[in-house]
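So that you can tell them apart, the chains are marked A, B, C, D and E in the order they are listed, and the count of residues begins at 1 in each.
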Amino acid sequence: MTKHDLNYSYYPGCSLHASAREYDESTRGLFHALGIGLVEVPDWLCCGATPAHNVDELLSLSLCAKNLALAERVAGDLAVACAACFSRLKATQHHLAESETKRRQVEYAIDGEVSFAKPVKHLLEILATDLGLDRLAAAVRKPLAGLRVACYYGCLLTRPPEVPQLDCVEAPTIMERVIGAAGAATVAWSHRLECCGANFTLSRPGVVLKLSGDILASAKRAGADCLMVACPLCHGNLDIRQKEIEEATGNRFGMPVFYMTQLLALAVGVAPSKLGFDSMIVNPLPLLREKGLV
Amino acid sequence: MSRIGVFVCHCGENISRTVDVEKVAAEAARLPGVSYACDYKYMCSDPGQSLLKKAVAEHGLDGVVVAACSPRMHEKTFRSAAKSAGLNPFLCEMANIREHCSWVHEDREEATAKASDIVAMMVARVKKDKRLVPITVPVTKRALVIGGGIAGIQAALDIADAGHQVVLVEREPSIGGHMAQLSETFPTLDCSQCIMTPRMVDAANHPNITLHTYSEIESVDGYIGNFQITVRKKARSVIEERCTGCGICSAKCPQKKIPNSFDKNLGLRPAIYVPFPQAVPNTPVIDRANCTYFRSGKCGVCQKVCGPGAIDYGQEDSLIVEPVGAIVVATGFELYSISEKPKGSPIKGYGEFGHGTIPDVIDGLTFERLASASGPTGGKILRPSDGKEPKQVVFVQCVGSRAREKGISYCSKICCMYTAKHTMLYRHKVHDGQAYVFFMDARTPGKNYDEFWRRAVEEEEAVYIRGMVSRLYQKGDKVVVMGSDIAVGLQVEIEADLVVLATAVQPRTGADTLAQKLGISYDRYNFYSEAHAKLKPVECATAGIYLAGACQGPKDIPDTVSQASAAAAKVMTLFAKSELEREPIVAKVNERTCVACLYCRKVCPYGAVEEKELRDRQGNLIRVVAYVNPGVCGGCGTCQATCPSKSVELDGYTDEQIMAMIESL
Amino acid sequence: MNNSAQTQSIDPALYATATEAIRAEAKRVLEAGTVAAVVGWQAGRRKGSALPAIVTDPTKADTLVFSPACVNNLALYLTKAKKEIRQKGRLAIVVKGCDLRALVGLMGENQLKREELHIIGVVCPGVQGRGEATMAAKCRECAVHTPEGTDVTVGSLPDLPRFTPVESEELARLEAMTPAERWAFWKEHFARCIRCYACRQLCPFCYCEQCLCDRNRPQAVETTPRPAGNMAWHIVRAMHLAGRCAGCAECERACPMDIPLNLLNRKMAKELKELYGHEAGFEVQEKGPLAQYREDDDQSFIK
Amino acid sequence: MKHTKMQLSTETMNLGFVRKVEALSGSSVRRCFQCGKCSAGCPMRSFMEHPPNRIVRLLQLGQYERVLAGRSIWYCASCETCTTRCPNKVDLAAIMDALRKCSWDARGPSKESLVQLANRLFLDNIRTYGRQYEMRLAAVFNLRSGKLLKDFMLGPTLLTRGKLKMFHRKNRNIGEIEKIFSRIEELRKKGEAP
Amino acid sequence: MHGHKEKHAFEPKIVAFVCTWCTYAGADLAGTSRLQYPANTRVVKFPCTGRIDPVFILRAFQKGADGVLVSGCHPGDCHYMAGNFHARRRFAAFRQLLDFIGVDLNRLQFSWVSAAEGGKWVEVVTELTERVRAMGPMPEFRELEAEECWSGAIDTPELKEAYETIP
């Protein structure tokens, strides 16, 4: 592992082992290609996501604190792929640093100390800051020229202001900068930060159809070829439910939804077959062929 | 033959877009008497003004017309340019071809024709213009301040500190005004009396201040720099010079059950009294209407107990004449009362709040007296009906104010803040009490004001409810408040122990009468009118009279003090010169033709016209004519329009000038 | 109703009694030295005529008369325009009710002081109009037969029949016309005006040193007797008299061109009474209706 | 209850509840001056009967029954838009969390059962497996909610794309998970945690 | 507002006598607000409506005005306190006189326009202009100007012809 100058411990989160396996695969492929070391935290646990903090903050904090403790066993800053996991882990660090009472309760629950030592980083941050856009651009073999990408942040990547501190909370550009380094064109559009309704995907899918439908329509209006996301929950709604949305709203989108690692990996020369394009519901291959990318 | 110069301005494109300025200049050049005409991009710019000056010199112009914007905009500019070119400034006129032409018309042909007409009119006028020189008037460096509240005291102290004599006239027996009645002040919660009483004492002790308390303005004569004020000193029945303020008279007075209006009638006082312990001067007054001696001729206890022999039952009102050069009006405000509205108040009344019949419905000033440590309850919040401590207090904002249909459209400005303060004071004094405030908006635009209000809500836990109160009624020993919370969209009902109404701030009763004496204008609510809302906020239209404080409009203490100091500064500016210069737009009498019918005097709003006797060298009276005092004349010209023989003429607007304009049409 | 009002129908003895009383009073005040002169009427050379007279000698008091021919408003002789008379000293003046209204008006205008005058009022049943026998139009509607507030009043009032108010009728007729018809009416009348200024000369209120209409810088009113200037002159004059004219109608009497000038004055007086409740010449008023105002004056005509 | 008038007094305003919410959320409730920005940006506003600002307003007046009775709190997506944009630093998302917890603990007077069910299953899943298994979660949810055919067509598609795993391996830290759950319950029993 | 502008056969001449403090300023405000109104009005500025002599109105009609507007401060707003009150009485009387002489009062408008009422200025001027336009030129005073006493009316064809040739 010491052969790389950048090494990270890796918290993929539940989805990346299931519905978002292409995110996991492409992340590994990309990092390998860029020469960044990535070691998965052994036996990590679910972060609790929204349902946990929705009704039981202490449980939510405890689960994340436990994961942070587990991550201590692997060297390197903690790389997180899922926006929801990232948000929870960062929020836990934030809240526990602020509240002595909560920290004591959590320490009792996990029967150990809360670790603040390990910086929690989203993949975007690693690519944009730790690696740097120059190095990323230099690694590009197949520029994504001609591809008009709508970068979708969703709600959890930047909010609330003091927690993730990934980028400007209301007008972030990190995704645009990163994919721009790979030669893609990005479109300006209105719904970059709107919520997709992930929390209701199981219980109230009607909500999802409305919220995600608005997002897709906005991207379409802005002239995007595809959406790019950094969160498996968003992906789940925008890609998996896209047909449903089309049926419910009567609009035709046909908008491939890529994980940002898929597009970057493609640009740095990872073989398309390793990027899980086949597991996407909206088939991206016609678009990629049209743009001469596969 | 005149030599007139015409300068047509493009005003960038503001004029030239719709008016063919070259054509206007060309047509002007053809007018008789015009010896120079040109057009220029920006006449008001430095090069534009230089152009004018150069033309005056080169062409020997004896009159100038600048066809540009409104004279209200740049007349001063061009007149001073003309002056520096050696031309009498009153020989420079402006033709308004922007506001009155290019901006209001779109058809180029029509607009150009109109612009040419306007220029022709002004050329005709300027030919009849006379050389005028500014008028000088001597200034008496002594000021009158009417009203001894914080505004009057501040203005008086500022002027006196600058080394000028000040006459301070107060209607009540003591100076101090409303500020002396307040408990604490927002947004600092410092004690009002602690900051007020030292100022009162300063004013009384200042060597340059003459204090007339229990006095009113009887009449005002004269004009800026030269007023003659007659002050009526009401009979105090106490000789001020002898009184030592020992207070034994009040202590021994057998008549002790008179409601004290200073305490909003919550407390009682004797018939010979000082309104409050820190009164300045500390000289009592006999309230003759309630004094046993004056009512029945028997008693006389105060006279018997008074060591220095200061009691004088036979004292009469006296009239004092004070010559002053400037007047500061600071008569302040009073609160609208739902039981008895002030005379002249336009408010229609609040039957839904019980018209003042519910004893535990009070106004803000009454609450101040309840909260004041020196008040009738010693600072305890006790309700009027049964003296119990109220546990649920409801404050209602905008009673009378901001209710056009009720009679007043303006915002009383201070209520939001004092109500927030009241909720805090209440919380500090009744820890288990709950304050509720019904409001429409919280208007807190002052330094640290919004923070103060938020503190009342967030830290002192006042419950603010957005929505107005529909009705108040008595139910047992409670007052039921029927309101609504418009954020929730539900009706709200509170059974209150005490209700405090933030009633409208109104000018003092009699403000209109005083204004008529002073010759200053006032609005339909009787607030005094400033000369210009933005640029002359403390001046009256009547020269030499300035406004300070709430008599001009609702104001809080910082604003009042600022305005008072501003008014004082205006007075000092006036006093900085021993003579006063003013625009010579005044009426003059042609003594040759005047037959002294004095119609001019009858219509003059300034009282500027006097009779003048014309005598021969031996001093024999030849005849009487009218004379216009140029220092007093306001320049309206009503005299001239009224004069049958046109023997009085308003300089700057003579018949010749006007007729020339009409004839040029 | 008596449409052909005749002055002869009034008992001549009434005039004789009044004449005697005037003479006696004039003599008394002149002899006592209370006044320097008495302004009154004397008989004209032609029978049945009369003209103004100024008597300074008590022995000449007997020349004074009162008859239906005493039409002149003597108030005229007390205005500043007639300085030489005023210079004689304290004056007595004989006035009919209508003349007295002019005197009162002049007092309000600072031209006369009541204490400087000895007013001999004469009760007047009416004086001649055009043609010796006809009663003047103003007298047919007279409401001031008996002057009030004089120092002494002489004569007595007979029972008078109700006369036809020809002037009011004419006013009503004009008011009922359309503006165009009225314009035609006045245009025709004013066109005749020769600008002799007899109207101005006889008016007690035209006492200005210089008439506005004689000024030429600026010339507000054209002076040549052309229709435009004539119209302007009569409008300006009517406006200047509004609220002041007491209705002696001397202007109309003096007009050689028979222009019904008093109609204008009557009209203005009527309007000012309606608008502001003002009637000229009944009491000494410091301010006439156009020199004062009320804040709630009618402004229905203002947008 | 919904449209009846509010009788306000120190008795009817449950300020204790307000303080509890403030403690749980770490955010002031009184700070809110009802500017409405939270409701303006809330993506879920159209699904709620009380918009977010009114939730706070009712809280300020101590009207907790009215707050908990509605389904609004369960329709909050936790997107944090309100918290992010609040000009007054009212952490409304946290207040919503706190309110849901209060409702959850009280076995809620809330009308919204489906969201609660999903949450409950989600947490059960964690407790049992340590991680989330979407297939299982969906299947059980459909079974429990009685919507057997919900997303019926989606399942096979996802399966063929390898997005749903039929089988999963047990987490080696499963013991730790159970310990966390039980120690939290223990804390609460002792009253040392909310 | 913009674009097509109707051309009229008759454009009346309107003279406006206004006070400087209120109506003149109100007209300025109409300008700064870029409100549009007919270009027929010529403004003569006075310090106060109290200064406006009825003679000026007369003169304006004589000089060919088809309509006259007199406008000043609202009652109570006079810069000189009472000038407009005096003017109000003066013009109340004067308009009765003009009416009696036979002038159609529709040609003479009085108004109060404050410095804040740019819109009202436009309204008043537009209304008067349109009304007078509909009435046509004002012949009365203009005819008088041309008439001579001794001719009464120009009724012989020769005179008429000779008159027509006068430029």
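Quick note on the criterion: a residue touches a chain if its C-beta (ideal position, glycine included) is under 8 Å from a C-beta of that chain, and two chains touch if they have at least 3 such contacts.
Computed from a predicted structure; not experimentally measured.
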(request) Compute the shortest path length in steps from chain A to chain C over the network of touching chains. (result) 3
(message) Taking each chain's centre as the mean of its C-alpha atoms, which one ends up farthest from the centre of chain D?
(response) C
(message) Per-chain Cα mean versus the mean over all protein Cα atoms: which chain has them closest together?
(response) B
(request) Count the C-beta pairs in contact for C-E and for B-D, then report the pair with the higher count. (result) C-E
(request) Compute the distance, rounded to whole Å, between the mean C-alpha positions of chain C and chain E. (result) 35
(request) Using mean C-alpha positions as chain centres, tell me how far chain B is from chain D in Å, no decimals. (result) 60
(request) Averaging only over C-alpha atoms, locate the centres of chain B and chain C and give their separation in whole Å. (result) 50
(request) Averaging only over C-alpha atoms, locate the centres of chain A and chain D and give their separation in whole Å. (result) 23
(message) I need the residues of chain E touching at least two other chains; which ones are they?
(response) 59, 76, 82, 86, 90
(request) Would you give the residues of chain D that are in contact with at least 2 other chains, written as numbers and ranges? (result) none
(message) Counting only residues that touch at least two other chains, what does the list for chain B look like?
(response) 603, 642, 655, 659
(request) Check the chains against each other and report every pair that touches. (result) A-D, B-C, B-D, B-E, C-E
(message) Considering only the defined contacts, which chain A positions touch chain D in the complex?
(response) 14-15, 17-21, 42-46, 48-59, 62-63, 66, 70, 95, 98-99, 105, 108-111, 155-156, 159-161, 169-170, 193-195, 197-200, 202-205, 207, 210-211, 240, 244, 278-281
(request) Flag every residue of chain D that touches chain B in the complex, lowest number first. (result) 3-10, 13, 15, 28, 30-31, 33-34, 53-54, 57-58, 60-61, 63
(message) Could you list, by residue number, the parts of chain B that touch chain D in their complex?
(response) 391-392, 432, 434, 436, 442, 454, 457-458, 461, 463, 465-466, 485, 487-495
(request) Could you please specify the touching residues of chain E with respect to chain C in the complex? (result) 54-55, 58-59, 62, 75-76, 82, 85-86, 88-105, 109-112, 124, 140-141, 144-145, 147-149, 152
(message) Could you list, by residue number, the parts of chain E that touch chain B in their complex?
(response) 1-2, 5, 13, 15, 20, 24-25, 27-28, 30-32, 34-37, 39, 42-48, 50-53, 56, 59-60, 63-65, 76-83, 86-87, 90, 122
